[in-house]
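Below you'll find the structure I mean.
Just so it is clear, A, B, C, D, E, F, G and H label the chains in written order, and each chain counts residues from 1 on its own.
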């Protein structure tokens, strides 16, 4: 990676790409640096990639604005004393997308994904304790219009949580 | 929060606490700042909390070393063109912990949690595409000693991924 | 098969058969030829079976008209870049047949079968990609009146697809 | 489609494509014609697409050789008096691919697909009757090394079977 | 059994029994004879049990009238060419008994039992063929008020059917 | 039915029939009489069908010998104070038929059927009480070689048990 | 109940009873008093039932010795800060009773019952917290010989726990 | 335990505790004594713990009033001839808490707990026999507003029932 990765994909401007989120090789290298350390100085990344610090900063800002990257402090909920759970949600037919949106708008819910298989939506929630988890289930989640039923998987131990899966 | 949060929990030194991961109020305030923005300058956090920049830096480093916090660039796997999946794993009796450890050691696996319910372990994996997901299932996951069966939930749309769940 | 198969089932005319779709031995031999190669010239089939080319042509047309046979180019959806899925559908009681008919009328659905077991209807769908599959599920399938819930099995690899099962 | 679709994709020769099965626009138009009628004369397709009959013939042969297209007589198993079933198969861990290959090699099995979800492999089989289905289950399928269990969905009525899903 | 079983249970008349269906020892011996052969002559049974033929006849008639015994020709549905199925039925809450009664009133249903476990009611049905089974499911069973869903287990082979379980 | 049903199926002798169990119309009429009342005198049946009593007797004996019909006293196990249960059995792959045979040979088991769906074999058992049912499960059923797991549906109320499903 | 319940069941001595645990009416009245309050003075119970205090004491001791009654302080595990769970256990065929005995011998397990349905054995366990529950599952329960798999239902709130179900 | 456990937790009065149910060490020791024997004289407990009998009595009364402890005669329902069952209940979304309360108010229900996993609420019921269990299911449980479905696990044998799980 020493020789420097230029951001010179001529196709990007010249034709209508199918995927608007398509990333340049420079974007990908920057993401990989930040996956390793979210606070790595831009000057250090710039030196490693052979581009200017301004380019790294601009690209990074652009990635964040486009919603492709977030640079965050990820705390271990277990060590904060939280009770986490994954919850499988089944929806009334025809209300899948609106349920997913409603769940995504809840502050207690940090992860929402629509999947294949025996559930329609899987969410992750972070609660103070079992009583907080019950209140979330009974008073919040199950009151969302279009939720048909839910099945809770309570976390006993969080073994791995990483974000260094590279780029494609 | 303007008046400054002193880190003066006298109990912490004076008695044997049950939970070694226990956090001071200052730790918690710092975590909350970094949950909002992982690159927020320490000087800015220090000013908001009424403590020195050195204290914020030292505390943050300590939180990272203790494994309570990681500050990372989290890319959206969907937008990188990856095929993600959550996989429920059932283990042979008596091999739960070793299976969880083996899965955690795989670079294709970014999340491993032991849960209650109809699965023993839930993992998240990031693959290039369906063929890559199949190769992971057939050649990697199902060859782990002690895995009894697996059930894959393929991601159709990642709706929310956030880390701002605060502290307790 | 050299000696020629006459189509001389005297029973067929002489009595009221229970099954209107009943096939003569000649019908079956023609089907078997076309199962092997849908474009095999009728003259070649006629020679092999010891009947006239006109008889083969007429029989074949009749089989197609009766809905017993279709002669088609079957493309491999995988190789066309499609995302296929099998979907198990459960219906509201009393609406099974109308749901099956509604699903059969959808161009995105290429296979509909009513089965015994834990699903009422199984369908196969062909989508552009995961996003297309989700739109089909959320906006089309689950909006069919009488659909109670659905469970999607996403294709990871199509290993075999053949039509040479002979005749009975 | 009257003006003729030239097969002039300059990219195809000029760069290393990621997907070896990639199809030209002409390939796709030919497939669509044959999806409608597998015996449509090449001269008719050639005229519709504005290319030579030799080009259509050569392309078609190439598609068949590459395994992208098969042109076949597809009989309705129901009307032939067969008992069909879809069977969900779960495999012993680590034997998924070999089981799928073994099933694909069986003449009684006309469809094999590896899927996500509660089964590892889904197959379709065509049997003479219930007794034939039972013999297939007991004496053939369940004797494949690596099969852990099976669940049979017996067909009550085949409502739709089509192959006209177009190209992407 | 040679010495004769008198029907001399003095308790039966003398006190209010808890179970109105309680059987005398003679009743039980007669039942056992008829379980072995429903057409065994009463004179033969009477001789074996050391009682009069009139007593056997009267007792038998009483058992039939009380609904404790039926003497019937039980044909093997498989050998009659029928398609049988066991169907698990789940009911809307609060309608269990009325659904069971409605199912019991249907001539296509020869067995209705309310059970513990994942179904509320299990029934057995006898149909002409798969199409008849489907019509029963779609047009009859699923139209019963209070039926929530059904799961059909189609019979592949009836291996044993006996009624010689003796008495208690 | 007064005019008499002759047993004059000339096909039966003249050609090799596919189904050895095929029944003549006279057989079917006799079965229907005995389904209504297993002890109906042969003279009465003979008169109703317009044939000789000897013919009815001979036919009936033949049906019983061929295993198509049994004429039995069927007692209501509920009223005898028994605890009945239906048990779903799953087998180790490749041992389905031998398990079914082993179960059929047990006197505690009065019904064995191989089915499609989530179980491989369904059996009915008659036990003295819950303790007897447990002993059957633990000491007998689960010790059969090839049984993988079992799921018991305990009878709460037997609502209907009839054998008058006619002939086809 | 004022007139006094004599313990004068003459049948008890005079004939071989089927159920050795059978209780006299006096036994039942005493049980009902102690179900209401386990520390109710025997003199008070004796007065209410019209028998001597010695009789109540002797009967009670006998009930405890026979294992029919235990008089205990039942603490609310929730309020003691415990994490409770119900766990469904499936056993390897033929090992049901030995697994149940092994589980019953564990001090962490306060309830063991063999049931019908989708589990073989249901147990209740009391753990310090989630980590303690995990250690019990991984290191204790799943290491019992003959355990095939387990499914944990974690308690969110214990709503009712009573023992006043009377006698029959 | 000989030296006496003083109840001298100065924190208890001095600060607002998070958990109102928090127990002093003396409370816990008393509970443990009563878990072993609910009728153990207070004088004996007082001597063992080195406190006054009045203190033990007052503490015990307080624990009972606070709902932390009940001292009861627990009869073995099996030996009383009852038919017990555990029942998994699923609720209509948003009615979980009211269903749990309604079930808790029923005298036939002795245990109600809200759990994670495939059921929302688990209850235990005590019935006279199978018919009583059915009447409870059909006429009582399933008529509770908000109950969606139920699954009954009938008890075959109660192997262990203890309350000596100590304190935390």
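We adopt the following convention: a contact is a pair of C-beta atoms (placed from the backbone, for glycine too) under 8 Å apart; a residue touches a chain by one contact, two chains touch by 3 or more.
It should be emphasised that the depicted structure is a prediction, and the values quoted were computed from it without experimental measurement.
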Set of chains adjacent to chain F and to chain G: E, H
Equivalent interface positions on chain C and chain D, same or different at half: same
In whole angstrom, the CA-centroid distance of chain C from chain E equals 43
Centroid of chain B to centroid of chain C, CA atoms only: how many Å? 49
Multi-partner residues in chain C (2 or more other chains touched) are 85, 114, 116-118, 134, 137, 148, 151-157
Any two chains that touch count here, so list every such pair. A-B, A-C, A-D, A-G, A-H, B-C, B-D, B-G, B-H, C-D, C-E, C-F, D-E, D-F, E-F, E-G, E-H, F-G, F-H, G-H
Per the contact definition, I'd like the list of chain D residues that touch chain E in the complex. 83, 130-131, 133-134, 137, 154-157
For the complex, give me every residue of chain C touching chain F. 116-118
State the interface residues of chain D toward chain C in the complex, per the touch definition above. 19, 21, 23, 31, 33-39, 66-77, 79-82, 84-86, 100-101, 103-104, 107-119, 121-122, 126, 128, 151-165, 167-168
Show me the residue ranges of chain F that touch chain D in the complex, using the header's touch definition. 90, 93-97, 114, 116-118, 148
Once bound in the complex, which stretches of chain H touch chain E? 85, 134, 137-138, 142-144, 147-154
